[in-house]
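Here chain A shows up in two complexes: once beside chain B, once beside chain C.
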Partner chain A sequence: MKLTEDVIYRNSSQFRNWSFTPTQLAELRLKTNIQACERVKANVARQRAQRAAIALDGGGASASDSERGNTPGLENGNGNENGNSNGGTPMRLDKEVDCLTVAEEMRLVDFCCETTIDLAKFIGLPSDVTATAVQFLRRFYLYNSPMTYDAPVVSRTITFIACKTDNANPNLDDYVAKLGKVTRDQILAPEYLIVQALRYNFEVRHPFRGLKGAHLELGEIARGAYTPVAPDTRTPSDLQAAITALPLPTSGAITDKKTISIENRLNNAYGFAANILKRTAQLTDAYFLFTPSQIMLASLLLADEPLTTFYLSTKLPSDSPTYTKLLTTLRSCAILFSSHRSYTSSTLSPEEQKAVKDKDKAEISALRKKLKNCRDPDKMDLVKLNQAQKRDAENASGGGLEESKAKRRKIAREKAEKEADDFWGPELGKK
Partner chain B sequence: MGVSPAVSPHLMVPGAKAPPNASVNAKTLAILNNSRATTPGEGTADLAEMMNKDVREQFVEGKFLGSGTYATVYAGHFRADPTKLVAIKKMRILTDYKDGITMDSYREMKFLQELTLHPNIVRLHAVFTSKDQNLNLVLEHLPKGDLEKLWRDSSISYTREDIKAWSAMICQAVWFCHENYVLHRDIKSNNVLIAADNTLRLADFGLARSFSEPGRPMTCNVITRFYRPPELLLGATHYGGCVDVWSTACVMAELAARAFFLVSETDIQHLSVIAELFGIPTEADWPGVSKLRHWEVAFGSAPPKRPQPLSHWRQRLPLMGDDGIDLLRAMMTMNPSKRLTARDVLKHPYWTNLPRPTKKENLPHGGDEDAEKKKAIDDLKRRGGDLETGRSDKVARKLDFGVK
Partner chain C sequence: MSRAASRAPGANKRLAEDGGASQSFLSSSLRKLSLQQSQQHDPQSASRPADSSSDICNVCKSSRYLNPNMRFLVNPECYHKMCESCVDRIFTHGPAPCPIAGCNKTLRKAKFRTQTFEDLKIEREVDIRRRVAKAMNKEESDFERLIDYNNYLETVEEITWNLILRIDVDETERKLRLWEDAQKAELNPNATFRRIADQPEASQLSEGSHVVLKKGGTQRKALAASSGNTPDPFAVDESGKRDTGFVFQGLKKRKAPPAEKPFDPFDGWSIEPQQYTLQEVHDYKWLTAYDSDPAYYVGGWDTRDYYSRMMEEAFGGMCVFLEDEKVRPLGSGSVEIGTQNAASVAQGMKDVVMDDVF
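Let's look at the complex of A and B:
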């Protein structure tokens, strides 16, 4: 059995299920958006009709268990922690729901990816685990809309899932304590929902190790210790001479110096590229459109172009068609990075950066405001939704639980529900 | 795509012709086109839920095979083709793990979704969530039990050619894991299952993980004790594929001896059992060994000990031959950095020397209709990392992730 890196990658779930052409990606997002809009509108309409019915005869008792769970507004008239309280637009009978566009959805998800990176940094996760969480989030929102599932809520759970899949001390109590203001149930409720949307694929192939490898190899070349592979006939010292004689890059990692030692040059390029991979690469569609090694080389290209083309020339003859094709691909990936806000903002003055940040903030808060009025009312409270689903499954199967146990639970539930409506709220837990 | 249909098990429907990506998109489209119905019941299912339902409906669940602490297993088959059998493993919701889906489930799903190409690794056809929020892993139907059952069954006799054939299949599976940067960390004869065509399948990836980032610690509390290499017993938290190579050698030796190869009651005792055969490692042949966490307790005050001579091996493993013994000893070199890698193992002359390995259709097996059922039950009663003999030290699946 012959096994090349290419064969391995082509059999990865990342390539099989999560690689797209730009057109496929745009189509998929449009479809998800259309479906979500339709559902929001239908569910809002249904809820309005139910409200009207309740207003008319004061009864709505036919709603199934799960429906009641999903629309807490129906029973006690007050909103839940996820917003949509005090009669926002969806509750008004006369107005058509104004849904998010694909671009607006993407903006919200991108913003959430940024906050996920910040959150992960805050709780001390390594950058590869963080990157896994961000990519899970991006994958999730290919098949879901933030109108259906609110991105910040999904992000907390997805980060916890990434801790589990990537062996980063996944203890829920610790995690909840670090996050604050969130319960264990809130983290766990959307877990099944998310693993379904991730299609049970948990391996994300990152470009980080590849970059480290390239860095080490360049270091060997600079020390004259690297023998190139055929058909490259140069000697180690030829390569050493060539790497030291490279012209300095005009943009990227070194812009202010006239001369620099080769060690420093390599280190600068590595650091610059690593930063792109940790942030900008995560915030773009790079993982959907390119392979990890393309992403890695594109970041290196932005950091130090002469160095990167030299590095490629030690792998491929620069007159081969593959070389040209590769470089074209790398350039389009590099453009994806260099045109992203997180890349351009680093070149701005502090005042300009602040202006951009403020503008972003205003943009996001306007979007969140719009989102509030077009959330899918059925998917507001994931904790209750999850409980209701479990309950429905138990009721439907009949088995699973013994009769007495089910009855006990039902009584406890009804009691809790009743108490929740009491003026002073429910009794505290007895633990 | 460059993937021949014969080796692309990720296609959920037998005989589906579209390449995976295309089928995803086609499916998505189909789902979207059907989603116009907005009745409260079906309309509340989102795209992912519908995809999940699609997968679920491709399989028909059959008779109950067995249940245990970790999962319940049912026989089943593809709805479209009742002759294509599967085993449906329903992961149990554990009462002592409160943090949602378990690490074991995540690991098993994660790695089996990637290692889809190799004929000696158990095939995961699909995963779906049932209505009551249980994960269901649809695995290949493996009716002929496992390797441990095989060597224990005194009614089956087998030859050195058979041992070579089985060993080759295991070594290739381990090599494939390592080429994909996956450590199995629980290789033992009872995790090697036998398929209907007599070929072997490496199974149970519940303790597997990707190779660690250099410098980041991993737990040393993995691999069932009889198969655990000295560096883990000594407390090493940085290791690579060499741990699996040691376990693989144990399995091969076990096949040849028709008995567990290295037997002990405790971790510390296991180290002395290893030392009995291989001698006590010295700083000269394993630099740094005396700095490992448990060195002092284990060997700190022990007098030097020499390894057993070749004659001892010949006497213990007559079926391996000198080349086989040479391979085993290279796979069980105490110093993990001098141990053969899975790649090197496949280059050893043992494989190409005579006698040739038995062809799969001629391999002996003890498979009968009930074997699967028995296997399923036994498997499920055991905790991962434990031995069937019940001499468990409860390393089980309580990993410490090297943090703290």
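Let's look at the complex of A and C:
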């Protein structure tokens, strides 16, 4: 009954619930998108029919507004709320809702991940908390669409949840103060919903700690103090000689120097890989498609290829099929990283970077404009939705039930007060 | 042996009831016996009027009339009743002979107690039965056949009545003690027992002999040699078998319970990494600085734990290839179901509503 590190990983919730093949991932996103579109269309149609009915009764836009104001519990208060906010540009009844495509959704979520990283940096959160927040966000939008829940709203709460799961423990008031223009309720309202959507899987396995471990072992090899695991029969000094004789990488961490001390080489590789992990790895689907160990090794591969292949050869015999397979997997992960915008942007000149940024900005604002017309009207105001669920909701949908409950509570309260009075004796009558 | 014959019906009834000797049965049989027997052995005459005997102390003759708080105590050695103040007076300074004339038993204060039963004969019988039951504690499951168990019960009853009726007391006591020691030795074969000689029988003390407070080694040896009723539990007879006092047919040999294994918190599981072995803690400042930082080491933070976690995360899942393993979801469809639930919850008409706790 032995547990290898792979078996331990297979027991994690990340492997069980949040790991996919590329096709599975695409299918899942498509399915989510289709479901969300259907919901949006159905809700918008229902809302329009409702508004049309009111308009017919009242005979005018202003009259219908007042009507709506007077009957908040008609069918769905939030739908009416949405109607009010869109009052300036009323939607035409016959126009089909133009929903987002999967690619557009992903673009929005990716952008939101970037802003989350920037936001966390602004607040001063450590990088692992940031990474957890980003992964939570990506996981959340695997089963939810930005059309249903708006990404910036969710990202604020998700960052707060990530702080709590990773022991950063911010005070909610401080957090709100740092964000500005946000109330406590806006942070807390979607919390339960998000946690449900994350299926209570609070653990995200990050590659950061693993990278430190690998860096440490490489350092030991360089010092000649590392004894390799079983199938490898080389002595520590053999390994030391081998690592110092490695050719310099052609791309990645060091490209400009002819010679470099092994210590500096390791440090450079570590720094380069850590940067990839902190930003590029978060903005891609790497966490869904690869294990954290593979992500770590892929980033190391990008940083210093000869070093990484040498390091792998101390772990697996170079002629074994596993080794070849692992290297293929690592390369596909490395390609995923190196093809991402955030990886290539560092090589661009400032003007080019600015151009890319502007282009992004225009793209995103166009998408957000489109999103505005295809939001799910039922899920617009999360704070109200949350309040409606709470115990003493005043205008909850099941009015009758709430009323009886309220009555029961009132009686119980009065009874408790009465008993307290009895305990201290009846009040003295006034003369 | 006429007495043994007279109690035979009682023994048979015990067998029939399988040890259920009720008190009413006891007292009735005792009453019958007391009618049959002469009264010479009885320590206290039961025929004496109860009120007068219970109200006056036989030693100091003070009566309850003068001292309403008087308590009477008995010693299971001889069952002579005396008042509390007499006990305090006579026995505070150590063992002393019983002050009742004709009784030479040496009594100790610690053994005095208030009697439980009004009839002292019953008190004594209950004591003896308790003692015998403690030594003879076999159950039916310890025997191979029912008849063996019944024979055992018969023997137990015989011992009990021998002691109660003072027949062959020395021999029975000797056997019983041997049996007790044999049982103890069987329960705990590694223990060593040191036999301390019992106090000499009252009959051996002459009328005027002084009370023996402490026995010296020579005295003890002499006693052991002379009386011969202080058995050596480790004495081995000619047949090479230890003398256990009694031999019961069909008694199963006691099986020692299996030794308890040392507690394993992981229930046999162990973590055995394939891709790395933990080396000595490395000399890296960013890592080893924590070892000397009280904020960390006071809380039990250990660099080695962190090191082992780093290595586990570095290689945990290195050879897990998702495109192979995730083709069909493991756990057959649990992921799908979870997906459906999550999707319906997130997009559905209603989120999960928590129950009203009030």
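Simple rule for what comes next: the second predicted complex is superposed on the first by the 356 of 431 C-alpha atoms of A that agree within 3 Å, B and C clash if a C-alpha of one lies under 4 Å from a C-alpha of the other, contacts with A are read in each partner's own complex, and residues count from 1 in each chain.
Heads up, the rule we're going with is that a residue touches a chain if its C-beta (ideal position, glycine included) is under 8 Å from a C-beta of that chain, and two chains touch if they have at least 3 such contacts.
Fair warning: this is a prediction, and the values are worked out from it, not measured in the lab.
**Q** Which term applies to chain B and chain C once both are placed on chain A by superposition, clash or fit?
**A** Overlaying the two structures gives a clash between chain B and chain C.
**Q** Quick check for you: in the superposed arrangement, does A:P207 touch first (chain B), second (chain C), both or neither?
**A** Touch partner of A:P207: chain C, not chain B.
**Q** Under the stated touch criterion, which partner chain does A:T148 make contact with: chain B (first), chain C (second), both, or neither?
**A** A:T148: touches chain B and chain C.
**Q** Just to be sure I read the superposition right, which of the two partners does A:N11 touch: chain B = first, chain C = second, or both, or neither?
**A** A:N11 contacts chain B only, not chain C.
**Q** Of the two partner chains, chain B (first) and chain C (second), which one does A:A42 touch, if any: first, second, both, or neither?
**A** first
**Q** Have a look at where A:L216 lands relative to chain B and chain C in the superposition and call it first, second, both or neither.
**A** The answer is second: A:L216 touches chain C but not chain B.
**Q** Now for A:P126: first (chain B), second (chain C), both, or neither, which partner does it touch?
**A** Touch partner of A:P126: chain B, not chain C.
**Q** Touching A:F290 in the superposition: chain B (first), chain C (second), both, neither?
**A** A:F290 contacts chain C only, not chain B.
**Q** Considering only the stretches 8-16, 188-196, 278-286 or 350-358 of chain B, report the one that runs into chain C.
**A** Superposition on chain A puts chain C right on top of 350-358.
**Q** If I apply the document's touch criterion, which positions on chain A are contacted by chain B in one structure and by chain C in the other?
**A** 1, 3, 8, 10, 16-17, 19-20, 24, 28, 31-32, 35, 39, 143-144, 148, 192-193, 196-197, 199, 209, 389
**Q** Provide the residue numbers of chain B that touch chain A in the complex, in ascending order.
**A** Those in contact with chain A are residues 1-3, 10, 20-21, 24-25, 28-29, 32, 35-36, 38, 40, 43-44, 46-49, 51-52, 98-101, 103, 106-107, 109-111, 113-114, 116-118, 127, 129-133, 135, 172, 176, 179-180, 209-210, 213, 216, 218, 401, 403.
**Q** Can you list the residues on chain C that touch chain A in the complex?
**A** 268-277, 279-280, 282, 284, 287, 307, 309-323, 325-327, 330-331, 335, 338-339, 342-343, 345-347, 351-354, 356-358
**Q** Please give the residue numbers of chain A that touch chain C in the complex, ascending.
**A** 1-6, 8-10, 15-17, 19-22, 24, 28, 31-32, 35-36, 39, 143-145, 148-149, 192-193, 196-197, 199, 205-207, 209-214, 216-217, 219-220, 225-227, 229, 289-294, 296-297, 315-316, 322, 325-326, 329, 385, 389, 391, 405, 409
**Q** Could you list, by residue number, the parts of chain A that touch chain B in their complex?
**A** Going by the criterion above, the answer is residues 1, 3, 7-8, 10-13, 16-17, 19-20, 24, 27-28, 31-32, 34-35, 38-39, 42-43, 46, 64, 66-67, 70, 126, 128, 143-144, 148, 160-161, 164-165, 167-172, 184, 187-188, 191-193, 195-197, 199-203, 209, 378-379, 389-390, 392-394, 396-397, 400.
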